[in-house]
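Below, chain A partners chain B and then partners chain C, in two separate complexes.
Now for the complex of A and B:
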């Protein structure tokens, strides 16, 4: 099994040595997952069917790729298609949120008792700088609820990798409390206290071979890191012009924050906002707001990364757990539809200007280039430089692979 | 008032969802604004014709004198169409975004159309300010727009007062602005938080607002319809809700609203006032409970009778003689057949009223 990348920075020195800090920011591939939980409509984003019975009210516009249209709600991305790879032929199995989220964030459906680590945990473990004070896997999600996503969030994200590879969560009311050193404690006193705590807890961990104590110590190490990088989590510290440019909604603000975290050493940032895309009712009323926000976020994020020279190393993915039905229900909504749906990616070795696969005239079935979650995860791992088919040799368990059944990556979108 | 009853006498299907419409002057036909265009429907035979199409869903349609249709659509366009010779008389691109709804004043002198796209304006998804004027008021005869009036998007419902002197527009946030038609001056603002939900369960955003609106026959009160607050706006399970507001004297005040124990759950998006002025109909979708159309007394608000249509009601009209209620709406869109065809899912029904005075 591949080992995690070696640490390049110590806790105290990371930001005090400019050259090292710069190297830290630039080193390795990274990923921002725009998690469109609830599942957006492919018709109102990447696979419009204008003038058809299933097309919806929004229409389609031309893009900078000849002959390719996307939803009229995405005028900015229409100018960015040469940098994006759009997959219009996702066809997956789970039809309910929890199972869909599981499959599209872990890469596969559950095989108990093996808990497959979530994508962010794998990337953080494989590519992260494990001794970095900056959290390697961050979840930005201001919504404390989220229906099935709430239940999912309460589960085991890191799987067999262990809690230290789980995400640090921030956003909205999820500020990270108590990470400011008290004024009444000097730096020396603070260091002494931590050394004493660490000595006793490490001794306990070793004496009793306690995984609980190990996780506890890992959490403390993380908090120590967080104390040094608290400003990274302060939205108000970001330039006002950038905040305005990204848009004022929570999702847009956290997408900007994701860029900021990636620039400063995080490896994987997942941006979510509860489960807003699950529009069984008010489909068009919600998508008229959500899609333009996504359009602008993708545009700003990809262009920012490009202009900063980071797009070659940073993968941006925008996807949900499935798509939405071609037909409208009587509540002015669209229901779950895993049979034929779309997503988009950019950067980190993904070939821009590619639209992979196709659906039929009404968007009911995939008619060309059908791929699933395994193909997608093979593509993601491949482009990030992680072996997609590596074996997991875990005591007492059958052999598992990072991506099962030797599923092939989607070659067309790999540069 | 005697006991009012409704008995269905006609049940017709159209190819796609009916989102709006109105009665012909002879009350035997309707013009229906559908997902795929404007239809006329003979209510006696059920025969229908697609007359023309908008570039997106048609959202409203009015049958003017001399068999001229005035329609609005999600393409932001108003169109005047002559049924006699089958020709478009005028097209007016009023809005960059949808025409959510249009209204015609009782003398068919003025039209009003409302628009507005809900876009994120704040961290908690407060609506962004308008990018274009949300309300357009103009001449039915010439198409000239003489007022472009401000509101907060999205503005989803519009109505004229019975004397045609005022136009009211209601939005996502439950704010109704009443303007004087002649001057364009703001005459009153009604604010009710009861129709709007801010998402807690699935996500943070606003949904709902006012989906239908009518002035009462005296013109001094406004009837509003929509759905009550929900923790999860996307569940669609808020209470079926109407409110009546006194708006024309001093600070607007809530006069009455749907009574406890008389509502189920679901979005209400259609209102019609009976020609007698004694009662009104409210209709929409049934999410929970046992009705989706009901008649209510205008004076004391009590529920008189109910219907369970089995489909979402989008528009209702009483015939001028008060003897019938026309109900338009849609079922869920069926899954395409193997040949790609989709079974009809627009619905047009006619009910006979009994027991109604007048």
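Now for the complex of A and C:
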């Protein structure tokens, strides 16, 4: 612990130059995406159907919004609803994880051979400070596995924006390996050697117009900056009381770390935890473990940001890639269901205390305020101050818009 | 052939019986597709590029300066063919392909597991398969039956043995390894996108292997097989249950007496025969593994097709079906007739892997420049040589060659790199920052560079050069196999001048910057 505290102090020393400190704390908008991969059940979170045959065992509780109930597994969020916007009318197309993750993290379905950048890459590029040593887009994921998410993680995240906008990947108790400089080399030589490497390496990148080399060089470009802020990734350096309050699970600890990164200059932090929500089997038992953690994390995170005066600038989104079936399968699981599902957001100009849209009595269809991934992304961009419909202008790229078809943001949840 | 039905229906007619040389086929079919798609291919690569490329792809390492010079000085028109032939017969080739197929068939593992794979003959089994160019169908049979006939084939048990009684893991490994398909998502339901992959196939494939049991015998590890048990039912998402019949893909169902649900059949001696090899576990008279090999695997068109597509992906950086191990109706091939032709030819040639490898590397497409003609040229046109990252082993051998002029396959740098760089056939290239941190700060790599201080090694050799130009020439030629540009010579000279009081360290840092640059990191 002592070593951790000392290294935080030395890290803070990085910002002792007033101008840099000011620049780092510049109030740009930021975003934390709690990525509930595998897809949680809307019935056991934001859209309960108490008293129905297929609504599940958990029932619903009242919230601090009159007339609005959420799952009884979320008592803390029930006291927070005035700060949240819940969307109960998501209706999307992809029915399999890989395609769902693609559409809900990039905003649209693929148009090969062009790869649309992932949300974090767009936000980092639009709002981030790329000359900052602090990584602008961080993916915290302690779990290298995760079925289709594993495959997705191995893919191209930054798409046509280029590798420099891809995430720095971290997570887990093990921190980031090889982040400390060796004693055998001086600071000066470490930097000069890298400059020489870059010189050799850029020649190849340019000669061959190589995107792989660009990705390679972008990774090295980040080394020095990342080394300088190594303590930011040290979970042990975070106050014990905070760690206790968020909970000891990896997802909770990383949500806390996300807050810490956002406080210290990151622009977009995506918190994932493998693909735990895909409960085709024993979904009640699984959700009984997963939802209370989410409930607490959301509550602590939104409150912390609020108390620190950061909620006005920081968007928090909690969602997966689709919802779960209104009916149970033979293994008491719920299967994939993109037709009608829910998510929640808060902060950065999202209007609190709003529940947008509705599903029918059993949650089979959206009956009010139907929206899809494009509407969602238009909303996210709009509230972050990024033009949702801007045309991407890159050489060799056909016409693409940040959000296609001029899809409207969800006005009801925008302040 | 009884088994072609679904593939043939999916892909249209197969041009059977066309005689000819596979390289000619590749050339004519790819160029016809370029014309049809109005794609302008890249130009043919020069000899310097070719020699580095083909050493990496076939021998798993860069050429030494001497090997490179020998090739470049060869005046014969067929020098590329000659080199390819020599490399295919080299021990390095057997080692490189054993490296690749170890990862493809078994996955990366911790160093303890690597040692066990070596100790129990798996590594040797793979090396022998490629050294002797054993027919791929025979290799597949030996792996899946897992009853070695002699000591030399001991390692054949390891594919099953390492996965112990995790029968689902076995099924999920068998499907991509020998059929080129992924079945994981058929565990809970019929494949949503590729509907020829049914849930019954998933559980059927599991059932073919679920009577296996690891046994440590005086002959070494063996996978015994029970004559009873392994009956269960699986539930689909609608809730109805189905028995796990012995069935896979289009191969029909293997008939098997199925006891009534409540009856537990006793495990009697009369259900077995003793093994041919004394000391090996007895064998069931009705062996599910045996049935799988004789009734599903033998003659299955995907056995040839999966290997052709995989070897193509190894040498061309993406499969004709991409991803290379998802040969299903959701992933149509970019060149269907070519894949058909090569698969037929591969089967007809007796599953001759070396013939397949040779025919691809001698094709025009393999010998194109790595410069992408235009940003819009699609990668599945194979209109340029798609660059690919060196695998951990290729990189580790090449780093040793640069620094020391020789290499060992069990050097510590091999172990460190294979724990860091896991993929051998990545679908896309996105370099993780963890790799850059590894190269920048890993203590063992740093120590390895520092310890390369022998008189006959690169650092000393550079310092012994008389002029700055010679030093730059030596460094760039050793690492990149080409001459330095003027600006590279100046940069190297300036770097050395600034550190003239500690020259060894300065050269070591320059070598670091070369072996961590993109030109070294990728095959191109």
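Quick note on the criterion: the second predicted complex is superposed on the first by the 358 of 415 C-alpha atoms of A that agree within 3 Å, B and C clash if a C-alpha of one lies under 4 Å from a C-alpha of the other, contacts with A are read in each partner's own complex, and residues count from 1 in each chain.
By our rule, a contact is a pair of C-beta atoms (placed from the backbone, for glycine too) under 8 Å apart; a residue touches a chain by one contact, two chains touch by 3 or more.
A quick note: this is a predicted structure, and the numbers were derived from the prediction, not measured.
Chemist: Tell me the contact category for A:264 with respect to chain B and chain C: first, second, both or neither.
Modeler: In the superposition, A:264 touches no partner, neither chain B nor chain C.
Chemist: Between chain B (first) and chain C (second), which does A:109 come into contact with in this model arrangement: first, second, both, or neither?
Modeler: neither
Chemist: So, does A:303 touch the first partner chain B, the second partner chain C, both, or neither?
Modeler: neither
Chemist: Should A:59 be classified as contacting the first partner (chain B), the second (chain C), both, or neither?
Modeler: Once the two structures are laid over each other on A, A:59 reaches chain B alone.
Chemist: Between chain B (first) and chain C (second), which, if any, makes contact with A:274: first, second, both or neither?
Modeler: It touches chain B, and chain C stays clear.
Chemist: Going by the touch definition up top, name the partner, chain B or chain C, that contacts more of chain A.
Modeler: On the superposition, C touches more of the residues of chain A.
Chemist: Between chain B (first) and chain C (second), which, if any, makes contact with A:282: first, second, both or neither?
Modeler: After superposing on A, A:282 lies in contact with chain B but is clear of chain C.
Chemist: For A:326, is the partner it touches chain B (first), chain C (second), both, or none of the two (neither)?
Modeler: First partner only.
Chemist: Which of the two partners, first being chain B and second being chain C, lies in contact with A:147: first, second, both, or neither?
Modeler: Once the two structures are laid over each other on A, A:147 reaches both partners.
Chemist: Contacts for A:361 in the overlay, against chain B (first) and chain C (second): which applies, first, second, both or neither?
Modeler: A:361: touches chain B, not chain C.
Chemist: Based on the A-chain superposition described above, do chain B and chain C contact any of the same residues on chain A, and if so which?
Modeler: Correct list for chain A: 147, 280-281, 329-331.
Chemist: Quick check on the complex: what are the chain B residues that touch chain A?
Modeler: Its residues touching chain A are 16-17, 35-36, 55-57, 74, 97-98, 117-125, 128, 154, 199-205, 207, 232-236, 267, 285, 287, 311-312, 330-336, 340, 342.
Chemist: Where on chain C is chain A touching in the complex?
Modeler: Per the touch definition, chain C meets chain A at residues 184-185, 188-189, 192-193, 235-241, 370-372, 374-376, 378-379, 387-389, 423, 426-443, 446, 450, 485, 488, 491, 495, 498, 505, 509-510, 512-514, 516-519, 521-522, 524.
Chemist: Enumerate the contact residues on chain A facing chain B in the complex.
Modeler: 38, 53-54, 57-59, 142-143, 145-147, 172, 247-253, 273-276, 278-282, 285-286, 288-290, 292-293, 326-333, 361-362, 364
Chemist: For chain A, which residues count as touching chain C in their complex?
Modeler: 95-96, 113, 147-148, 154-158, 163, 166, 168-169, 176-182, 184-185, 189-190, 192-194, 196-197, 199-201, 203-205, 207-213, 215-220, 222-223, 226-227, 280-281, 329-331, 335, 395-396
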